[in-house]
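Just below is one structure, and these are the notes that go with it.
Each chain gets a letter, A, B, C and D, in the order it is written, and its residues are counted from 1.
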Amino acid sequence: MTDLTYVERAARVKLMIFDVDGVLTDGSLHYGAEGEALKTFNVHDGLGIKLLQESGVQTAIISARTSPQVIKRAADLGIVHLHQGGHDKLTPFKALLEKTGLTADQVGFIGDDVVDLPILTRVGFAVAVPNGRAEVLERAHHTTVAAGGRGAVREVCELLLHAQGTYERVMAQFLV
Amino acid sequence: MTDLTYVERAARVKLMIFDVDGVLTDGSLHYGAEGEALKTFNVHDGLGIKLLQESGVQTAIISARTSPQVIKRAADLGIVHLHQGGHDKLTPFKALLEKTGLTADQVGFIGDDVVDLPILTRVGFAVAVPNGRAEVLERAHHTTVAAGGRGAVREVCELLLHAQGTYERVMAQFLV
Amino acid sequence: MTDLTYVERAARVKLMIFDVDGVLTDGSLHYGAEGEALKTFNVHDGLGIKLLQESGVQTAIISARTSPQVIKRAADLGIVHLHQGGHDKLTPFKALLEKTGLTADQVGFIGDDVVDLPILTRVGFAVAVPNGRAEVLERAHHTTVAAGGRGAVREVCELLLHAQGTYERVMAQFLV
Amino acid sequence: MTDLTYVERAARVKLMIFDVDGVLTDGSLHYGAEGEALKTFNVHDGLGIKLLQESGVQTAIISARTSPQVIKRAADLGIVHLHQGGHDKLTPFKALLEKTGLTADQVGFIGDDVVDLPILTRVGFAVAVPNGRAEVLERAHHTTVAAGGRGAVREVCELLLHAQGTYERVMAQFLV
């Protein structure tokens, strides 16, 4: 796999895994007295995830933090594979491979911090956000132009659609 | 219509339709455990919409997402034409033409994402925000300088006032 | 008064009036289902207002919007002159002059939008924020470097302290 | 101590004290009708503080404002030394030295405003954020690249880890 371009890697992805804080958000944690009260997502990312699902790619979330806001957002977007909680991301990653019957080469991941490295160094298509830590950017196959919470996820979804030749098909519904 | 400048197009607008997420907001979705808990609008946009109404132009909102925050904001701004819900924006657009008795040439629209294309490609004056998707910017007659949620709507309202020669009249109240 | 520099104008100020949206905030309106649920102020601005008060300058807020968040913020900062509600800002401005026994020359004001012009064009020291509308910046004696909600108010408070020669005195408490 | 580089100063730190507003946040104060309803922290900062603790450095918060959100955030991050309330930061600082049995030379502090100067001018390693006031930046031994609420605290935590030679050890857990 080491000689593949990132577009060739994107073309093989059957399951895309998203980190939450710093990727689906800009890393802000809005605390009330009881802990996180709000989480700020991005509307463009949401449509990107839906279009990616329509193209036939599965979607998942693996996050180190646990929050009810993520459960609701995942439900709104039809993301069925959701794992929250714990700095050990490797165990849920392996469980997800087993559940879906996919190999790591068929999986994409987008993350931003060092807790993401155990997944990021194993998947076929590893993506970082520009607001990610240096240790992550150095090890990713690709870094998005848009920052987390500012369209990074939409960008990677469109990249997958283009790489897999499904972009025109899912866009057709809007060109009526 | 194809040879008109965007200012000539703006001069004909009798009804201006605003998209919400990414246009009246910066695209952030603030989730609580039950879904969207807050929506962040812009104070300058609000005054722009009021001034546009004072000049005689009708205003409307068509949004793919449903949120009680938009209902309240529309009420505060006196926007009577409000349609929320569903990625099909063409049906409410056609219903709005029928309700107002206007032709598409007399309608302006400002949007940011591909779900907006069915309206954007039909109206007489199609505006994009700079934070919009490339597919939208390519098809708009004009793109604002200010981003969504950061004054894009105020800018388009003032553009309409200038194009229609009503700017001086509505501003006079503040030059006392 | 027309030949005075803005520093000379600042030196005469006995009462400083702050606009809220776009000045004490960045212009964001965070709506819940019942209207504005939150207002985002800036911690540096708060300390600036307190230091200005310690120097002997009176402080006031005149805002076109009504919100309980502003009442609470004004109370926390010890701002006793608070007027909220209505696009007519001239009436509360005149009432404030009468209440304090000051002339307009002894008053400073910082604003951002056209509803502020009736006050801005009357005071001895008129300040705009860089995120303000062009009509406001053109008529102000001075424009801050920092934007509204990002330290503009702290900047104008320190400008007054320097112009009035009270900066060293109020800062002394922190140089222990 | 006056000839030490900031890295040599960082190497001696046994206790790191964090200011809250403008350092662990970007200085925004989100007010509801009852006062601060939310405080916005940063996910990268949180992991930085945890890694610093794992390396053996103690952590503390001293803040001029009192908020339940900070109590919750400190609890989530395992910060046991927490003092909130009052512009006098010198008294809790001295109490903290007594409680921990450390000298000021063994303490680091990161702050942003003039109320922080009494601590900042006494500690062995004084850090400012770039969004801090000029009076603070002038007196600090070091200023972070990242702004408050945008990774300044993560940056200073990693600086301490590198200066103390513990970075590789705490990072090893993620390179599995």
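Miscellaneous remarks
Simple rule for what comes next: a contact is a pair of C-beta atoms (placed from the backbone, for glycine too) under 8 Å apart; a residue touches a chain by one contact, two chains touch by 3 or more.
Small disclaimer: the values here were computed from a predicted structure and weren't measured.
The chains that touch subunit C as well as subunit D do not exist here; no chain meets both.
Of all chains, the one whose Cα centroid sits at the greatest distance from that of subunit C is A.
Because subunit A and subunit D carry the same sequence, their contact can be compared by residue number, and under half of the numbers here are used by both.
Centre-to-centre separation between subunit B and subunit D, using Cα means, comes to 44 Å. Rounded to whole angstrom, the centroid-to-centroid distance between subunit A and subunit B, based on C-alpha atoms, equals 31 Å. Residue positions 30, 37-38 of subunit A are each in touch with at least two other chains. Chain contacts here close into one cycle, and each chain has exactly two touching partners. Every pair of chains meeting the contact definition is listed here: A-B, A-D, B-C, C-D. Chain contact summary for the complex, subunit B toward subunit A: residues 21-22, 25, 27-35, 37-38, 65, 90, 112-115, 117-118, 133, 135.
By the touch criterion stated above, subunit C contacts subunit D in their complex at residues 30, 37-44, 46-47, 68-69, 71-73, 76, 149, 151, 154, 171, 174-176.
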